[in-house]
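Shared between the two complexes below is chain A, which pairs with chain B and chain C, respectively.
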Partner chain A sequence: MPHFELSAFLMTVHNLYLFDRDGVCLHYSEWHRKKQAGIPKEEEYKLMYGMLFSIRSFVSKMSPVDMKDGFLAFQTSRYKLHYYETPTGVKVVMNTDLGVGPIRDVLHHIYSGLYVELVVKNPLCPLGQTVQSELFRSRLDAYIRSLPFFSARAG
Partner chain B sequence: KSFVFCGLPRPLFVSPNVFFPLRQSGLSDSSGVAQLGRIKRPRLHSNSGPPAPPSCRVCPYLRSERSFYGDFWSERTAALFREAVVCPEGLIPFSAAPLGARLPLALPPCSRPLPGSQRESSELFTLTYGALVTQLCKDYENDEDVNKQLDKMGYNIGVRLIEDFLARSNVGRCHDFRETADVIAKVAFKMYLGITPSITNWSPAGDEFSLILENNPLVDFVELPDNHSSLIYSNLLCGVLRGALEMVQMAVDVKFVQDTLKGDGVTEIRMRFIKRIEDNLPAGEE
Partner chain C sequence: MAIFSVYVVNKAGGLIYQLDNYAPRAEAEKTFSYPLDLLLKLHDERVLVAFGQRDGIRVGHAVLSINGVDVNGKYTAEGKEVLEYLGNPANYPVSIRFGRPRLTSNEKLMLASMFHSLFAIGSQLSPELGSSGIEMLETDTFKLHCFQTLTGIKFVVLADPRQGGIDSLLRKIYEIYSDFALKNPFYSLEMPIRCELFDQNLKLALEVAEKAGTFGPGS
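The block that comes next holds the complex of A and B.
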């Protein structure tokens, strides 16, 4: 009976960024991040946003065919970055393990079921700045932890 | 509206990632190949057997049904449930989830109770709006100021409403103003006010059109008194449309040109495209 090396199949979510249409980082959480960027968080958010902005316009300019969804994800040898953007400019960015397939639905749910429900629909939550809502943070955390490709033991 | 209960037996769910690690786990892939452990069922036709369950986006009861039906979810069966059908647990009614969408497997449970019937909540809405306008008329002495305030309030509603609209309707970016007009009239108005205005009077350049509302739910019990003849009672709607479209990069001008409250036969809203708002680079970037 072959013995499966379980740790090879434990996938996880490393971290998550949420940006709005002006580049303000609405939310950032991390679960398994072994290496930091080495720059202050503010600069890291700006770097991430700037990169995404450039990639988006690059992708649409250089596309050899008519574009449908635009930029979806990129991957390196160690992690994969998933991207989801709404027509209003809200961007959900999630870094996961390589084994994770397309998770557009998950990112859409983070937008519709969490951000819209708990932040946009709350008149006391101002838009255009970092989300202070503790409810949002905890629900998001619970949701990510409940995802099938999130493993608490990995990383 | 009565509960609709689907009596079909539940599918057996075996999570593939535990036992078959070489297979990509998570959601079904876009080619629609059945995952291991999922029972294949014949195509469901709307005229045979019980209708398919409504595709509630967040109801855990229906989630398994929906992801099971997946590729076999037909346009016609979904159309049967577009009105206010509730799921058996009295949870959130059918919202315009996209057909064939793959729902995430892990969703927080529904916790919101269903509001009262459609009629009761729309009366409450009309009365609330009326109270709002009355109070504004008391606070600001002249009609012009009230109109401006209504527009401003509408704008603040619109910038948030657009996010809710995109979250629920899953409409993508519109390619031109005509598509925008269609989405506004057929999806947005239907979703929020329960009416479908008609689109007419396109300008030759295609940058202006009119929305004709046969009935306006905001003015259900309202008559304008003589001393408020220049009050645009439903001006909130103009603000909402302006705010919502600004968040999707469109600068528009919206105004009422006919109003049943002022004696016209129909209510007509004229929308004019001004310009496209370009994406801003964050400050400090070149």
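The block that comes next holds the complex of A and C.
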């Protein structure tokens, strides 16, 4: 498998976006991010959502056969974007180092183990807007920091 | 293992070359009696299945042929509208072939320029400094590999997710482009590539890559 050649480098998680089906950014957090997009955060969320929306439609047209999961990930020379979408349209997007392999289970856990448990099932958390829950934030942060490919690289 | 198709996009996002190398056929033919138990809908000048997934016929599939005669978009070979023809009880029983709609050349142009923009946004949203655009895009049915040259031309290859050796194939295609398009005195820069030698050598390179990539390392 290809992913092992790169794993000698320090692997890391750059940032994480959580969108609902209408494109509202429910949550954003970053760990080792060296470069900002140079636009206000709200604009960045819109750009990210717009890009994912277009990639989804692009990929469904390009595919030679019928798709099941659809778009999974893309990588550039410096980072890899992992994408996971639930049937209800919640999208989990994580940017990591190139050395990280498929992490569908991790993204799925962020949705089912954290978002559903701590936000959807919490009557004090209104849906369809930015998550205010401090519990969700801290649990998510702790989960990401516990991942095997999260390195405590200073940044 | 297969390489599905190749796209060459110029620095302005225009498609200057496209080749469909291998298209897996996912088609289903079935004979129907009136009334049709599928809901068909007109979308983008094509008749698509909107509801009633069954027997290999999936939502989103297009009507490809009726009674063995190919359908052009929303018209039958005789020039009648497909929906009108299928709405008439006198035409039944009728045998319809369904399958994934094939891309028209217009759609390919559109998709190529769409990828050009996605490539640029991919580098703008990078959390790391000095990132390129999208080099590899992964889905469950195919992988898209892209190589951008220093002069801004993008070579895009769509291949099976397990196909290896695509990186060297992309460099090889660049070489073929330099040798047989750029060195052709009748080829004008940034314009569609219509060179026989380019075609021949590209097809050869794809064949070699398909054979070699089966055993090669993943890319």
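Structural remarks
FYI, the second predicted complex is superposed on the first by the 145 of 155 C-alpha atoms of A that agree within 3 Å, B and C clash if a C-alpha of one lies under 4 Å from a C-alpha of the other, contacts with A are read in each partner's own complex, and residues count from 1 in each chain.
In the analysis below, a residue touches a chain if its C-beta (ideal position, glycine included) is under 8 Å from a C-beta of that chain, and two chains touch if they have at least 3 such contacts.
On a predicted model such as this, the values are computed, not experimentally measured, just so you know.
In the three-chain model built by superposing on chain A, chain B fits alongside chain C with no clash. Of the two partner chains, chain B is the only one touched by A:111; chain C is not.
In the superposition on chain A, A:139 makes contact with chain B only, not with chain C. After overlaying the two complexes on the shared chain, residue contacts for A:79 are found with chain C alone; chain B is out of touch. Using the contact criterion defined above for the overlaid structures, shared-chain residue A:99 touches chain B, although it does not reach chain C.
Once the two complexes are overlaid on the shared chain, A:71 sits against chain C while remaining clear of chain B.
In the superposition on chain A, A:126 contacts neither chain B nor chain C.
Of the two partner chains placed by the overlay, only chain B lies in contact with A:11; chain C stays clear of it.
For the superposed model, the angle subtended at the Cα centre of chain A by chain B and chain C works out to 90 degrees in steps of 10. Overlay on chain A (Cα): least separation between chain B and chain C is 6 Å.
In the superposition on chain A, chain A positions 50 are in contact with chain B in one complex as well as with chain C in the other.
For chain A in complex with chain C, the residues that touch the partner chain are 1-2, 14-15, 30, 32-35, 37, 44, 47-48, 50-51, 54-55, 58-59, 61-79, 81, 95.
By the touch criterion stated above, chain B contacts chain A in their complex at residues 15, 17, 21, 24-27, 29-30, 57-58, 101-108, 159-160, 162-164, 166-168, 170-173, 247-249, 279-282, 284-285. By the touch criterion given at the top, residues 4, 8-9, 11, 21-24, 46, 49-50, 53, 86-90, 99-103, 105-106, 108-109, 111-113, 115-117, 120-121, 127, 139, 142-143, 146-149 of chain A touch chain B in their complex.
Partner chain A is touched in their complex by these residues of chain C: 4-5, 23-24, 26, 58, 60, 100, 103, 107, 111, 114-115, 117-118, 121-142, 144, 158, 217-219.
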